[in-house]
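Each of the next two complexes has chain A plus one more chain, namely chain B in the first and chain C in the second.
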Partner chain A sequence: MNFYRNLSIKQKQVVWAWSFLAIPVLFYTVIRFYPTFGAVVLSFQEWNLLSDKSWVGLENYQKLFSDPVFWKVFKNTFVYLLIGTPLSLVISFAIAYHLDKVTFMHATIRALYFLPFMTSAVAMAWLWRWFYQPVPIGLFNNILASIGIPQLPFLNSTFSALPSILAPAVWAGLGFQIIIFMAGLRSIPTSYYEAAEIDGVGSWTVLREITIPLLKPTIVFLVVFSSIGFLRIFDQVFNMTTNDPGGPLNSTKPLVLMIYDTAFNAFDMGYAAAQTVVLFTILLIVSLVQLFIMRERKYD
Partner chain B sequence: MKIWKKNLTGFALGAGLALGATASQAVEIEYWQYFFEARVNAMDTLIEMFEAENPDITVKQTTFPYADYRTKVAAAIPAGEGPDVVQLFYGWLNDYVEAELITPLPLDVFPLEQIRAEFFPMVQAMEKDGQYMALPTAVRSLALFYNTRLFEEAGIDGPPTTLDELVEIATALTKTDASGNITQVGIATGMNAQDHHWWREVLVRQMGGEPYTGDYQTVTYNNDAGVAALQFYADLQMTHGATLAGFMDEPQAAFKAGRAGMLIDGSFRIGALDKTRGLEWAVTELPAGPDGMRSNYSSYWVNAITTKAEGEKAEAAALFLAFITTDAAMQIWLDTVGELPAKPSAALTEQNSNDPVFGPFIRGLAYAHTTTFVNESAQRQVLMDAMQRMLLEDQSATDSMAVAADAEQAILDDYYD
Partner chain C sequence: MTNAFDYSRKRIAPAKVIRWTLLALGGIAMVMPIVFMLSTSFKWPHEIYNLKIIPDEPTIENYTYVLEDGRFYQWFWNSLVISTITTISAVLFDSIVGYTLCKFRFRGRMIVFVAILSTLMIPTEMLVIPWYLMAKDFGWLNSYWGIMFPGIMTAFGTFLMKQFFESVPNDFLEAARIDGLNEFQIWWSVAMPLVTPALSALAIFVFLGNWTAFIWPLIVTNDPELYTLPVGLTTFSVEQSVEWELIMTGAALATIPTLIVFLVFQRYIIRGVVMTGIKG
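After this line comes the complex of A and B, so read on.
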């Protein structure tokens, strides 16, 4: 206790700060960093949960990079990202931009857009899976058949399965993005718009020169957030394709589903850990690249 | 003070009694299986009977949801936290034996020759180096379910007994709407369900082939027999239009909804179909091949003693395992769960083999094969993909079979190397 009494006020503050920080630091170390480190170590080992772990060096990574399924899955993951993120941002911005101007039943409409975000992804995936079924049970195909249009294969095609899964995933995320965009729009000072009006600037120019540049922090946040979401897509794919996980012919399989399959069907934990490390690296690189690109523009 | 004294005397007395009766000390063993109500009830009944016979042994049953069971068991047993007697799927056993987590069944309670003679032949897969590693109470096999109402409606007298009749009847039972969309399938199919077993152990053999070498380490279906079997299966949809992959999401869903004339499924489906109101169904043996050959696929869950059970716990575990593999226990399991007895002496009783529902499954056991899987879902995926390549990418059966054989061999090699 004497030791504490001899400290200066500044030092005492540091002691107090660290004693409060110790709880989250300890929590993150035990719950996050230690398992992450464990996964990296495991990726150099072979382990089926039952036998002892054995070191295999880079074998898991070699196997991964020479596996054609991995490259297929890698491509799928980026298709989810490259279609999903821009599409969802454009749609949500368009909705938010117009919704911001609507005063009639504003709160109700906003709540309606937000509803899908609150729904369980599993329940939603199963509902959409039913929508996509062929005649006689599928909603979409029953409508098509009733007006004499041939059925669409939706989930049962290597071409249309991925977009069919992506559609509800984009839709489910819209509510959140709309709310964030609207908050961003509301934070733009109205004086800019008044000045533009006085100068007689067209609405397109206002959008391009005022609204979008000032929304940059919001856009950065949403791009990073939604990219991570699409890179980690799992619930929708897993639940909509349980009969042929990630199928047909791996056309919808994302990386997370491959990890799940390797870990809990093949019980090849080392190989699954190697895939996890690759996913982690991809997420890290994509996030850093996006932050870097977006940050440059901020200082224009 | 008085109470304290009383307790002490009681304790001393109890301890004295316990010491005096070392031979019959109470032993508690733990039993694990996955949660399925009928199975839990059947096991409760068996435990009650066992404890009545062996008053010094108590058995504690613990269950887990099916989805978590494999992971839970795999995490608990190596950590020494698991059960003394555990129920495992036969396909998992190898990994447990290799990791030395399973004790071979003691020969004094389970004499080798007697076990070999008493159980159905496919249970011999549980024998390693002259000892049995585990034993099933019940086994499952496949049969052909058919919707009697749809059969009657179409004027068909009885179920198919050959593959040709199967095609003919399935075609007759299929219905389409005005624009040609299928609204009722003759036979509900899906490699993701039980059809991959039907294809592997039944169709390939009926076309004159063997799916694997005897040790199940080498694929041997990439030949005329395999191609013929795949072509036959694909033709049900592609040529005869008597089925549709993914029709009503799952084959058993189509059958349950009365939208499928036939379905090949396991004995474990009986319970669910029994509960479906308005569905009239019957069961028959799987159709015979072109030369009259019959085959079937059988799978089972086994009971094994873990290395955690030592000393008197091991003895108690062995006694318990012996009890739940008696003919009487198997009959209780059949009556409660609907799974078939693992011994001919219990299965082929007059009453069981003439049972209209269980009979076809039980008769199937006599000629059933059990595939030794290394990763069932991956090996199933190989056949699902083989079908999808034909249906979605117009690949020929010959090419698709070759790709599938390579893919499955790679899975087997990866495991056995």
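After this line comes the complex of A and C, so read on.
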């Protein structure tokens, strides 16, 4: 204790700071950084948990890039992203834009849109899976049948299986995006709108020239947030295709499901690690693009 | 005068009424899937094929059946314990780290901050394989600790709390220092009470994240006694295969707790989403 007493106020602060940080620094080193490097190292090895690890150089990556299933999965992952992100952003913006102008029962309507965000993806996957069942079980096909429209195959066709899995993911995420959009809309100074009104500018022009440009930070945040979410889609796919993992002819299989299968069903740890490195690279590129766009904003 | 007033009101009204009606119908459509889940969980097997929301002969038979074997109680308890402990841990650690990085000046501060922030870019899916191997070596498979350890601190929460502690005036901390409080007391009894809205927002996010977490609990447990609710629900649903009224009952049991939490804390939850969206 004498040692501590003899320190200056500034030195005491340093001692406190590092004692607050000791356990967290250990945590981030052991549970975040070390496993990251572990995954990269493992991607150059072959290991099935039982035998000894052996170095194979770039073999896992070569195998991956010449595997047609990987390219199928790669394509699927980007289809989730390229349909999911724009679709959910356009819908949620349209709702937020109008809901922002509604005052009567505003909180109640907002709650209705937000409610699905609070659910577990696993429970909702099974719920939607029931909706998609053929007549006489599934809700959607029963509704179609009652108005005389032929059945749709939903999860059972290579064409419609992926959108069928995407639908509950988009649905459950809308509430979050609506809330963020409305917060963004509220943060635009009303003086801009007043000025536009004095100038007699139409509402479409106001939307295009004022609202959307000023919402850019919100839009960038939501694009990145939802892109990362769709690139990592797993819970819905896993639960909606338990009878046929990855859907008919792998038509719904995303990268994370391929990683899971390779690591925990085939126990091909090195190969799975190489796939996680690819996922990491994709997410890194998405994040860097975001940083780039946000940087640019400062100067305009 | 009154006529003119009425006329202008009526002229504006139709567009507003249409907007309101469409939004309300959209909102109802959003919750319809959940309504059908709840409705089906109260139906007899022969009734699940009709489209009625109110069952002809409502029954709680499904709930009695699903809860009878006791597994759902166990999974519910596991999820509750794991989510609660993880939330307390993450809120405390994230706020003390965020506070330290915000209010202390020392060499290495930026390095620690950037290092923690950079872990945001590492996806969980990349870490699950090394975590699994680690858990296997240390005997953490099939244990609460094994499920919890990756989440006891979060980089996102640390960043969020650092942002919020910026709004705590340094004068307050200095005054407490002069009063003879030590740095831990200053953090706990001066700074923390000033950021309670942020703490509750973070707590809600961490809790919900852990309550619905799927891939890691799926990997780290294979003993049904230790499943969390989502993993348990998956196994249960695969077992039932075509008994949709039972699957819907299981799904409802997993969903109802968060729906109650939402209805009770709605204002705080929405405010929390807004705060994290703006600061995050």
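One rule holds for everything that comes next: the second predicted complex is superposed on the first by the 265 of 300 C-alpha atoms of A that agree within 3 Å, B and C clash if a C-alpha of one lies under 4 Å from a C-alpha of the other, contacts with A are read in each partner's own complex, and residues count from 1 in each chain.
Just so it is clear, contacts are C-beta pairs under 8 Å (C-beta built on N, C-alpha and C of every residue); 3 or more make two chains touch, one makes a residue touch a chain.
Note that this is a predicted model, so its numbers are computed, not measured.
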Per the contact definition in the header, classify A:160: touching chain B only (first), chain C only (second), both, or neither. neither
First (chain B), second (chain C), both or neither: which does A:119 touch?
second
**OP:** Could you tell me if A:48 is touching chain B, chain C, both of them or neither one (first, second, both, neither)?
**Re:** first
Query = Taking the superposition as given, does A:136 touch the first partner, chain B, the second, chain C, both, or neither?
reply = both
What is the contact status of A:290 with respect to chain B (first) and chain C (second): first, second, both, or neither? neither
Chain A contact check, chain B vs chain C, more residues touched by chain C
Quick one: is A:176 in contact with chain B, with chain C, with both, or with neither? Answer first, second, both or neither. second
Self-check item: First (chain B), second (chain C), both or neither touched by A:259
Solution: second
| Of the partners chain B and chain C, which touch A:150 in the superposed model: first, second, both, neither? | first
- Query: With the two structures laid over each other on chain A, which partner does A:32 touch: chain B (first), chain C (second), both, or neither?
  - Reply: second
The intersection of the chain A residues contacting chain B with those contacting chain C is 130, 133, 136-137, 264
Contacts from chain C onto chain A in the complex sit at residues 19-20, 22-24, 26-28, 30-31, 33-34, 36-37, 40, 48-51, 93, 96-97, 99-100, 104-107, 109, 112, 115-116, 119, 121-134, 149-150, 152-153, 155, 158, 182-184, 187, 208, 211-212, 214-215, 218-219, 229-231, 233-234, 237-238, 242, 244, 247-248, 250-252, 254-255, 258-259, 261-262, 266, 269-270, 273-274, 277-278, 280
In their shared complex, chain C is touched by residues of chain A numbered 12-14, 16-18, 20-21, 23-25, 27-28, 31-36, 38-39, 42, 95, 98-99, 101-102, 104-105, 107-116, 118-124, 126-128, 130-131, 133, 136-137, 139, 142-143, 146, 168, 171, 174-176, 179-180, 183, 187, 218, 221, 228, 232, 234-235, 238-239, 242, 256, 259-260, 263-264, 269, 272-273, 276-277, 279-280, 283-284, 287
Within their complex, chain B touches chain A through residues 70-71, 74-75, 77-78, 95-96, 98-99, 101, 177, 179, 181-183, 190, 192, 244-250, 259, 375, 377-378, 381, 384-385, 388-389, 392-393
Listed in rising order, chain A residues that touch chain B in their complex are 48-51, 129-130, 133-137, 141, 145, 148, 150-151, 155-158, 243-245, 247-249, 261, 264-267
